[in-house]
Amino acid sequence: MLTRFLLLGLDKKAGVLLAVLALLAVAVPVMALGTAPDSAWHLSTHTVALLGKYLCFALLALALDLVWGYVGILSLGHAAFFTLGGYAMGMYLMRQIGPRGVYGNPILPDFMVFLNWKELPWYWHGFDQFWFAAIMVVLVPGALAFAFGWFAFRSRVTGVYLSIITQALTFALMLAFFRNDMGFGGNNGLTDFKEILGFDIQAASTRVGLFVATVVALAIGYVLASSIVASKLGKVLVAVRDAESRVRFLGYETERYKLFAWTLSACMAGVAGALYVPQVGIINPSEFSPASSIEAVIWVAVGGRGTLAGAILGAVLVNFGKSYFTAALPELWLFALGGLFVLVTLFLPKGILGLAAQLRQRLPSRGAVAAKPADQKGV
Amino acid sequence: MHRAFCWLLAAFLALAAPAYAAEMDARLEPLVRGLGAGSYADTEKALAKLAETGDPAAVPVIEALQAGDLHVRKPDGAVVVAKRSGNGYALTDPVTGAPIGEADRNAVEKIKVNNALRRSMSAALGALTLMSPNAGTRWQAAEAVFKSRDANALDALNAALAKETDEGVKRAMTQARASVLLGSSAPDDDKLAAIEVLKDRGDQDALALLNGAASGGSDAVKAAAEKAVAAVENRLALWGAAQNLWYGLSLGSVLLLAAIGLAVTFGVMGVINMAHGEMVMIGAYATFLVQEAFRAWAPGLFDLSILVALPVAFLVSGAVGVVIERSVIRWLYGRPLETLLATWGLSLALQQAVRSLFGPTNREVGAPSWMSGAFQVGGLTITYGRLWIVVFAFLVFAALLVALRKTWFGLSIRAVTQNRNMASAMGIRTARVDALTFGLGSGIAGLAGVALSQIDNVSPNLGQGYIIDSFMVVVFGGVGNLWGTLVGALALGSVNKFLEPYAGAVLGKILVLIFIILFIQRRPRGLFALKGRAVEA
Amino acid sequence: MSAEDTLLYLDGVSVSFDGFRALNSLSLLIEPGEMRAIIGPNGAGKTTMMDVITGKTRPDTGTILFEGKTDLTAMREAGIANLGIGRKFQRPTVFENHTVWDNLELALKAPRRPLKTLTYAVSRDDRVRIEEILDITRLSPKRERQAGSLSHGEKQWLEIGMLLAQDPKLLLVDEPVAGMTDAETEQTARLLKDIAGKHSVIVVEHDMVFVRELGVKVTVLHEGSVLAEGSLDAVSANQQVIDVYLGR
Amino acid sequence: MLDVRSVDLHYGAAQALRGVSLTAEVGKVTCLLGRNGVGKSSLLRAIVGLKPVSGGAITWDGGDITKLAPYERARRGIAYVPQGREIFPLLTVRENLLTGYAPLKRADRSIPDEVFELFPVLKSMLDRRGGDLSGGQQQQLAIGRALVTRPKLLVLDEPTEGIQPSIIKDIGRAISYLRDKGGMAILLVEQYFEFARDLADDWAVMERGEVMLAGSRDGLVESEVRRYLTV
Amino acid sequence: QDTIKVGILHSLSGTMAISETTLKDVMLMLIEEQNKKGGVLGKKLEPVVVDPASNWPLFAEKARELITKDKVAAVFGCWTSVSRKSVLPVFEELNGLLFYPVQYEGEESSRNVFYTGAAPNQQAIPAVDYLLEKESVKRWVLAGTDYVYPRTTNKILEAYLKSKGVKDEDIKINYTPFGHSDWQNIVADIKKFGSAGKKTAVVSTINGDANVPFYKELGNQGIKAQDIPVVAFSVGEEELAGIDTKPLVGHLAAWNYFQSVDTPENADFIKKWKAFTKNDKRVTNDPMEAHYIGFNMWVKAVEKAGTTDSNAVIDSLVGVAVPNLTGGYSAMLPNHHITKPVLIGEVQENGQFETVSKTPGLVVGDEWSDYLADSKDLISDWRAPMSCGNFNVKTGKCGGKGS
């Protein structure tokens, strides 16, 4: 049953995407570790880290597309789940520093030492274990999403009202995490990590390993999401998106459906955040900022909302553009990026992936002929 | 005003006492010279001596020092008043005001003042100007003595009190006297009387003095002071609540101003307008430009600059809005979510455009005199700037309400936004209405920019600081309902200001956000939710 | 008749909107297997009555019982639908971005819980049933079309199809033949008559030809309560009904 | 006179109208019949300008209006009662009616008496929001709103849908009255055959995006028409 | 390779652009000047500007890009502490060079970072001393933006004040969020706190954006410097340029440089700056001076080492002394902080500061505060043989507690 379910999601588009991911998972390690640094084929750690970051964002975008594209929940707070996942991982990494911190305190992270904390707060316990942190990476965002969604969906908060309270949620978390009293390092967040699972976090091989883990996570996320979307549950979700109250009159408890997708999406975002942190080396509260969430929405929109693969494409492209422009046009890149967004909305209303579909529609092809009134024969 | 008085006094002195002017000179001369002695401490000592003379002739000297005009002439160490004239300085005698030639830029050295000196100067002037013919000055002098609690001023104070006719000044002097007495070793009876006077004054300053009295002195004084403290504290607590209410109202009106344009572009038109903040910012920069123009061409009329800035900002932001609508937004009707993407892009580009044009740093927007300072209503301090912003916010709100509800234009706006096709089929020029509506919303945002330039940074980031709050307000109040925006803004402002004293600014803000989240659970369509079929359709 | 023997029991149901009474102490009994036609002037409260039954609107006062025992006023829409109450809306509402087929698949009687739908696969029976409905509604050639691109009348048919797919115990049908040709109207009447017997049906219509064709008991609603009840001929002869509804 | 010449219309790649020609004369009621989905509404949308045509021409009152925006057409006296009512849901009934002022000169701006004579219920509900009305009330409002514009060409898409019998009769009477008053062309799409038959001066019958039959009241055989309407 | 690349890592967009863009400009100017003088080691310098966009992980990414892709010889950059924390592991991993020009909270010393801004003892402590001595302040409001720099600074100041006998109830600490714009009741509270009969002062670690509304509110509520002076550590000429300073005359700031400092070096620097920016109104400020010092130190060290190789330059930097703009020499210390004079200035009507106090000599930057329990035993010395950033003098071992 499970395989059947998973196969549901595997159409041609998925095949292409998974093939690309598989290629990445093989080629990147080979090029990063198996070639001489001066070879034309060599990938620097910088590039590996960049690619890894893009793919983490892609997973976040994928999670967002699941709820926005298919359930119509425009979350302006998805970065909250991403960041919580990131913090869970960051806490693990902090604990791994052990006595290598500047003050040499084997238990307390540096920021606690210089703020005069005497002992580890209770919520930091357990994070010295990878398995525990790994569970928290999914559990914390998932639980928050579940609680939040439980109330919001039952109260039938929808549309912009839902969007705005998701924004309020992430904004509140940002302010809370800024507070040093929260015990998460305040504005500086968590950084200066040393190792993960015993591997030196700066070693090229670790970086490649993290990259491959990200590719795998993204692939799993994609297969999961596209299977869900292709299932009847996916159809219910789309129906909820388009006419929620009508779905209720068919007997579906739409709250449960939304809650399912929402919580799953938050968990995916959490995993994305967890993979992101060791690769960029820092997690801090500005990741909670509403702008980060909006950016994620933008990636999805650019790639094509409600296409899953488009979300991935959008995240990678926009972030690549950002990386490129901030170096190539440091003083004008906002024009470039802002202009890009405007142009995409104007000329690619369904995003980049929508372009193909759009072209197909423009040119009357064989598929279109079938829809002519001619076959509307009376009975 | 100080300077004007200075001249007045000089004139007065010149008329009244020409005879012994020279004689006084001789007495003051070394003291004045002492001001230029070197370190701040030396200057302060000289100043104290100068004040001790009680001689009104010292007043212009001290005022010159206060104004930063007092210099030391390098060759001979004489202390002179030096004013910029051409490339050098025009020198006058600090006491007589008589011109004594010119000096090169490097030939004089300014006598620097620091805060300690400023305080001493205020105190000295206080004691010296208690007899000034100008009631305002006397009142200021009394307040200065009240603050300095300078025991030396007691005699002058008593003398002044005996002559004083103005009720207000008299009260101030009595209070100053009480303040001095309470700190001195006066007999208990005097102190008890002083406590009564201070209790009547009943403000924070009085409380401080009474607190001091309650912690020392004889039992009788202590007891009376304690009772007075309790009375004053009660009174202050009451005023404190009123003050909080005012803060809430004032923050609320800022939120209202910021949000009200969004209530049009987002609330009425349904455009998720991420560039709203930038429209506000453009309004603020328009204000800056208008003020620059005033500074350059009509500095005397600077107080009017804000009034001129209002229409200018409205038109500039509105025009930008119209251009945006015609070039981008109009392709996106019926696709509200995509307006988010496009306006986000616009917002980035507009920020950068302003940054490239005006630079990344803050620009100075000044406050006209009628918007500066504060006044007291009982224990309530109300700053003029905030007061005008409150008034202005309500005016804009009322105007918009009338425009949308009572005019043909308002009706077309609502018809077009509810069903663009049908409105067009009814004969409404939808394109023009769309452009004008977006322009109106943007123009109002520009007006908000004028107001916000008075209290916040005028920088490319200005808009970013308000966009989230604006959306919260509009949504909290109920999208598409102007009254909701009004009440939403005031409610959020007040909640914030009532939480802040207890929770602190950071936690207070977090609590407000949580409050919004919880509130929306209760009212999933905002405070002023529209109900019924009409909405679900 | 006691409440227990009824399929649907409304007693003293009132609803008002901002002071306007849309339903005014309405009482109505529907027996199992019965088909009932409801007519009445525009604004009489017919649609509101359906809203109240299906949980869309909460009544201010009154009792609504299903199968003599279940109190509908305390339930949410989905729960009510799952009891076996299906509804066709006055304004056709279908899932515009789904194909005609998917619309029917979603409506088809099947477990409604998320995990069940996640693993759901169309069975042979389901397929047959959907094909059947497509034939009945003559949407077979458009099965792959997005419902949003259907014409107004086609959407009406699709809604009827979805209602059939749900296979409910009680069908609430609001103006099913609006926008249909006379021939289609006849066909719809036949369809509903077939359904009745096994199922109970409440039909709201303004088309008297259609109502006559149904040949069932008619209830006339006016200003939120029952004005007359009986055969169509009987109520048609009622002067009040002529005044407020039929006209001359 | 309204003159539609060989109009084609597409939704994406799907063609909904193929070479449709039709005329509607002033002083007459022209009735358009056809089964579901044959393109009646599409044709009306093309005439009022809500859907651009991909071929052919539309002239009204001697002028080519094929390319004009809907509001321009409204200004030339074309009023539209759409299928599905399309009331402005959040405007009150009064405001919905007032939107009809748009194409009028200031001096002409008033609500004609016939609106309330025809639909008295509207008068009693002036301050209720349009979206809150019952379906039939909305339909009445939609017709009333169109009349406010003092149209010279009134385009009605199934105006009797959802309306109670007595008012249908009133609408019928109103349509004849408007026709008889002169100066107005009326184009009516209707499924309710009897109603159409009683009103129509001219007929047209559509099938699969094409006009199959057209002619005047006397020239058409009812059974012929019926043939196109049966299932 | 005929140029030497120099990375400039300052935010040109986002919230920090307001402060950091100027530093990018000043670096471009310094590099241009140096090139006019013939560059370094006979090669021209080539600036590589990137925009980390006020986004902290992006700082790390861009730092990595500058070092590995552009192969810059040194990077001048960062403003906020979090951005520095974010890039720190990158510089250490890739053995790059970062010159950090902003006053900060201390508690850090990296082999790869050179701290040319003030450590707390080069700004905060002398400022408080000034208030204690010259203004006889008895009651203290420590107001800051809620993040690490103010928190740490206030922690240090609190300990310091208590060591001077200030009582708990005479210290009020208040934090506000970034960009806080409604100061009405906080200012009123300060006023209230200050009217208890004891001389009160505000020590402000309020960050950039929030300052303008803060000072505007101070002015409006009529808090005069002579009553309750505010001494700020993050308000310089650039910030004042956006405010009408008339009501603020007399409020204080503590820095290591003011534009108003009257030295020939400074006059020259200001002249060049105005010419470079083609704007007669552009002001200079402390972090600009820090870059000026840092850049000249780097040039000197490279010339001394004869190479841009990181290890060589790092070694030769310690001990390098270059003129600062206040009429003295600043030297790079073994702990990678520098010596600086501390200036206290009062705001003037023209938006400039007038120096009212200046430390007699240079103050040595102290990275590990003596007023924090866990760091008072730590020292840093990057010279061989110690070569340690956190040497514990109690245990005699490198690495904090000396594990």
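Side notes on the structure shown:
All chains are identified by letter, namely A, B, C, D and E, in their written order; residue positions are counted from 1 within each chain.
Basically, a residue touches a chain if its C-beta (ideal position, glycine included) is under 8 Å from a C-beta of that chain, and two chains touch if they have at least 3 such contacts.
As the structure is a computational prediction, the values presented were derived from the model and not from experiment.
Traced through touching neighbours, the fewest hops from chain D to chain E number 2.
Any chain bridging chain B and chain E, meaning touching each of them, is among A; the list is complete.
Counting hops only between chains that touch, chain B reaches chain D in a minimum of 1.
Of all the chains shown, the one with its CA centroid nearest the global CA centroid is A.
Chain B and chain C have Cα centroids separated by 65 Å. Averaged C-alpha coordinates give centres for chain A and chain E that are 36 Å from one another. Between the Cα centres of chain A and chain D there is a gap of 51 Å.
One inter-chain figure worth recording: chain A and chain B are separated by 45 Å, centre to centre, where each centre is the mean of the chain's CA atoms.
With touch defined as above, residues shared between interfaces to two or more other chains in chain A number as follows: 175, 178-179, 245, 331, 334, 371, 376, 378-379. The set of chain E residues touching two or more other chains comprises 12-13, 146, 175, 177.
Residue positions 14, 35, 37-38, 132, 231 of chain D are each in touch with at least two other chains. Residues of chain B touching chain D in their complex: 408, 411-412, 414-415, 418-419, 421-431, 480, 530, 532-535, 537.
Partner chain B is touched in their complex by these residues of chain E: 12-15, 17-18, 21-22, 134-135, 146, 174-177, 179-182, 184-186, 188-189, 191-192, 195-197, 209, 212-213, 216-217, 219-222, 225-227, 229, 238-239, 241-244, 247, 250, 252, 346, 354, 356.
Taken in their complex, chain A has these residues touching chain E: 44-46, 49-50, 53, 99-106, 110-111, 113-116, 175, 178-180, 185-189, 191-193, 202, 280-282, 284, 286-287, 322-323, 326-327, 330-331, 333-334. Touching chain A in their complex are the following residues of chain B: 272, 274, 328, 331-332, 335, 337-342, 344-353, 356, 464, 468, 471-472, 475-476, 479, 506-507, 509-510, 513-514, 516-517, 520-522, 524-526, 536. Chain B contributes residues 40, 112, 114-116, 118-119, 122, 147, 204-205, 207-209, 211-212, 243-244, 247, 250-251, 254, 351-352, 355, 359-364, 366-367, 372-374, 381, 383-386, 454-461, 464-465, 496-497, 500-501, 504-506, 509 to its touches with chain E in the complex.
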